[in-house]
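Below is a structure I'd like to ask you about.
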Amino acid sequence: MYQTLKAKLFALKENKIFELSVVAVIIISALEIGAKTFQLSDQAYSITSVLDAFITLFFLFELTIRFIADPDKKSFLKKGWNIFDTLVVFVSLIPIDNSEMALLARLVRVFRVLRMVSVVPELRVLINSLLKALPQLGYVILLMFIIFYIYAAIGSFIFHDINPTLWGDIAISMLTLFRIMTFEDWTDIQYETMEVYPFSWIFYLSFIFFTAFAFLNMVIGIVVNVMEEEHQAARAKKEPTLTELQQELKEIKALLSQSNQHK
Amino acid sequence: MYQTLKAKLFALKENKIFELSVVAVIIISALEIGAKTFQLSDQAYSITSVLDAFITLFFLFELTIRFIADPDKKSFLKKGWNIFDTLVVFVSLIPIDNSEMALLARLVRVFRVLRMVSVVPELRVLINSLLKALPQLGYVILLMFIIFYIYAAIGSFIFHDINPTLWGDIAISMLTLFRIMTFEDWTDIQYETMEVYPFSWIFYLSFIFFTAFAFLNMVIGIVVNVMEEEHQAARAKKEPTLTELQQELKEIKALLSQSNQHK
Amino acid sequence: MYQTLKAKLFALKENKIFELSVVAVIIISALEIGAKTFQLSDQAYSITSVLDAFITLFFLFELTIRFIADPDKKSFLKKGWNIFDTLVVFVSLIPIDNSEMALLARLVRVFRVLRMVSVVPELRVLINSLLKALPQLGYVILLMFIIFYIYAAIGSFIFHDINPTLWGDIAISMLTLFRIMTFEDWTDIQYETMEVYPFSWIFYLSFIFFTAFAFLNMVIGIVVNVMEEEHQAARAKKEPTLTELQQELKEIKALLSQSNQHK
Amino acid sequence: MYQTLKAKLFALKENKIFELSVVAVIIISALEIGAKTFQLSDQAYSITSVLDAFITLFFLFELTIRFIADPDKKSFLKKGWNIFDTLVVFVSLIPIDNSEMALLARLVRVFRVLRMVSVVPELRVLINSLLKALPQLGYVILLMFIIFYIYAAIGSFIFHDINPTLWGDIAISMLTLFRIMTFEDWTDIQYETMEVYPFSWIFYLSFIFFTAFAFLNMVIGIVVNVMEEEHQAARAKKEPTLTELQQELKEIKALLSQSNQHK
């Protein structure tokens, strides 16, 4: 009997209408979250509460079906997306009454919208490819962090007394440097320190050049990676290489000279 | 007799001078629209009115010719550019007298300039290729929208009371986030919330990283797409693949070993 | 005798030391121009005047040598760079005394620095390749101009009364739109019009999207062009195509089957 | 006996744990530098002093080992990274007591963080590839400098009296132009000069176009360079070229026709 149920639930899980209704509930959930950011009448507010309970139950129901229908229950929680879904569903189940935790409860519900990514396969592929690109860029990010760290240390040593709000300690300095990297009112910061140290423009210009150049390299790194992968994907289709063709030609020549000698 | 007219009109439509005069009238129409944005003397204003009538009539005349000369009248309105042209021409025909609608009438006339795109084939090709690239990027845009939505929800939950003008509800928050994405005075917004929540810089930095990374992927997506298309266009020229060459080599070997056995 | 002089001058023109001294005089000329922007003592000022006369004479001397040494004098002024050099030299020769023209004389001397480009071959190649890329991008630039024109017309029709300094007429509006494209304080402009027309954010966001997208396409256009050229340069080295290889294989097969039939 | 020591030190140098402990000391050194930017209690301050002495000694110890273990002592100081390491270590050894030099001493210690690059091979590769790309871009950088210089000269000639803080002399003007290139409050500068010279927007727009276009070319230059290198790396793997394959085919044909003639 359990087997029959499992088969039925598996069929349900694979059902197109079921999938679309899951997407629909996620969209409703997103709209509900959006609606709560507006000033609501008491009536509208009670509607969202009912809606919230319905969504929580529906997600619990869907997760249960997915779990029962899964042929390999042991590794169910080993997949990242399943863990994410389970967490979002179970944290929503915790009843929160006192007002202090209300904000936290709301924030948790926001992540329901991210379930869109775990449900739509195309988005999941996109996120996975983004995550796959990250480690390859690890060393460029480390290099940029070192550049930031050194400039932040120099900045807070030299400019500390000029403006402690911007150069107070190394943490604040790194935030200021990030601001300079985005070109956001960076000349105001520069003019301020240039009044004390007229040559401090070297600090800013060299920093902008280094980060821009490192960033550029990062971008090129990604592009080359992506193309390399495309290339390898093409090779995986088992197109013969030029080396293989050359090998074939050599065999033909050997056959021919053999044939010539026979005569 | 209708056939003769149709042939004549078709010849006219294909005529180089006719094409150029259409382009000329569109440019005149553009200049007239530009002139109207300046303070005009009464005399100059009456000239633009006459000009406007002439342009409207010319466009109606040109559209009629194009319609009559079209060999397949049923699908005339199925082409996007034809619909666009017809709409622009017919909306200009509606007489508008009262001053309230005057602004709307002016705006409709502005779109006459867009007719340049429907008339110059190179621009049409450009626009078509832009439109073709859009659906392929659909999922990246959807992903970016989800990122915006989640951050806007979190932003308006947490920062609502700090500055309702920026974080009042989810719609305003999304506009604020777009502003942050363009780096426009984003640190002012950040410093304001950091006074209440000192760790809110995490919110801004993570948002900037996510959107920059997603945008980067979008760009790379387009580049790879464009190159893929170039590649396929090259293949369509019927260059043999390496696999086909390998097949030929195998046939030669078979012929050779056959030849060797004969002896 | 003229022939001997010509040969000697040609040898001088090709001389490495002569070339380097031309570059040196251009650098001195650049430094002199830079020095004039500072407050100079009377003594220093008189030095620059002497220097200026020397540079003018040296350039005249160099141009004369280049002209005499040129084997094809008729087409001397057909080359863009020669025209540029001649213009710079002769305009510097015009004596200017009254103070009103002094500024113009200074400006003309600034362009002497550009002679660096006409003298260093690597820079000339760079500039030529930049100029070569421009016409291919012509239609994208035309499209962007149309987008700017339409948005500027709409902007000055609707927002004219809100802020005439920004939206007064179509010319000012185009400048304002360029400012918006560079993201320079664009939200101030937006918030101002949103007080009157709450939905005017659609105007700004759609404009930013269109121009960013068109710009992106322009960049990709250049990249693809550059790669295409690299590709063609590789082809020009006469590597055989796959089609040619296939042809050779077919000939071999024909030979073989002929050989088999003979037996 | 020296040989045994050398062998032992070489083994130590290659030891994984030793390498990791060097990285660990660099990280501790970085944290110590960061800590010093905060307000420290007297106790904490004395700890950093002890730590500083330990780090200096450790680095001296590590450098000694690397030098003794190096098989080719003569060229030890010819490698850039070794010079850098030696400099950082020996400058740290100079005792600095008076307060005026304290800042300089701190700054020198900041560069210890850069030792991370000299120790981690992946980062060294990254930096080397960045340095390798620079000379190829030399002429583009020279061209950009010429553009900056000319615009700065024109700017300080014409706009000098409008705002000497921005256009005082050619050096200040170049800084102002760099600011304009980053789009940082550039319209404020523009509106100021447009009040005196209404057509000065041509100056700014043309400058933005030239620098943006030159920058774009620089980026494309890097991309094409990187791809060219990838391409050559692939070729170095000794894949036969199409020309070589064609050669083989020709030899086969010669053999065949020879074989046919024999009969």
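For reference, chains read A, B, C and D in written order, and residue numbers begin at 1 within each chain.
Please note the rule applied: contacts are C-beta pairs under 8 Å (C-beta built on N, C-alpha and C of every residue); 3 or more make two chains touch, one makes a residue touch a chain.
From a predicted model like this one, the values you see are computed outputs, not experimental measurements.
Homomeric contact chain C/chain D is classed as different-residue, with under half of its interface positions used by both copies. The distance from the centre of chain A to the centre of chain C, each centre being the mean of the chain's C-alpha atoms, comes to 40 Å. Centroid to centroid, with C-alpha atoms defining each point, chain A and chain D lie 29 Å apart. Contact with two or more other chains is made by residues 183, 185, 223, 227, 241-242, 245, 249, 252, 256, 259, 263 of chain B.
Taken pairwise by the contact criterion, the protein chains form one closed cycle in which every chain touches exactly two others. Against chain A, in their complex, chain D makes its touches with residues 30, 33-34, 37-39, 103, 106-107, 110-111, 113-114, 116-117, 120, 122-123, 126-127, 129-130, 175, 178-179, 182-185, 219, 222-223, 226-227, 230, 239-242, 244-245, 248-249, 251-252, 255-256, 258-259, 262-263. Against chain A, the residues of chain B that register as touching in their complex are 139-140, 142-143, 146, 149-150, 152-154, 156-158, 160, 169-170, 173, 183, 185-187, 201, 205, 208, 213-214, 216-217, 220, 223-224, 227-228, 241-243, 245-246, 249-250, 252-253, 256-257, 259-260, 263.
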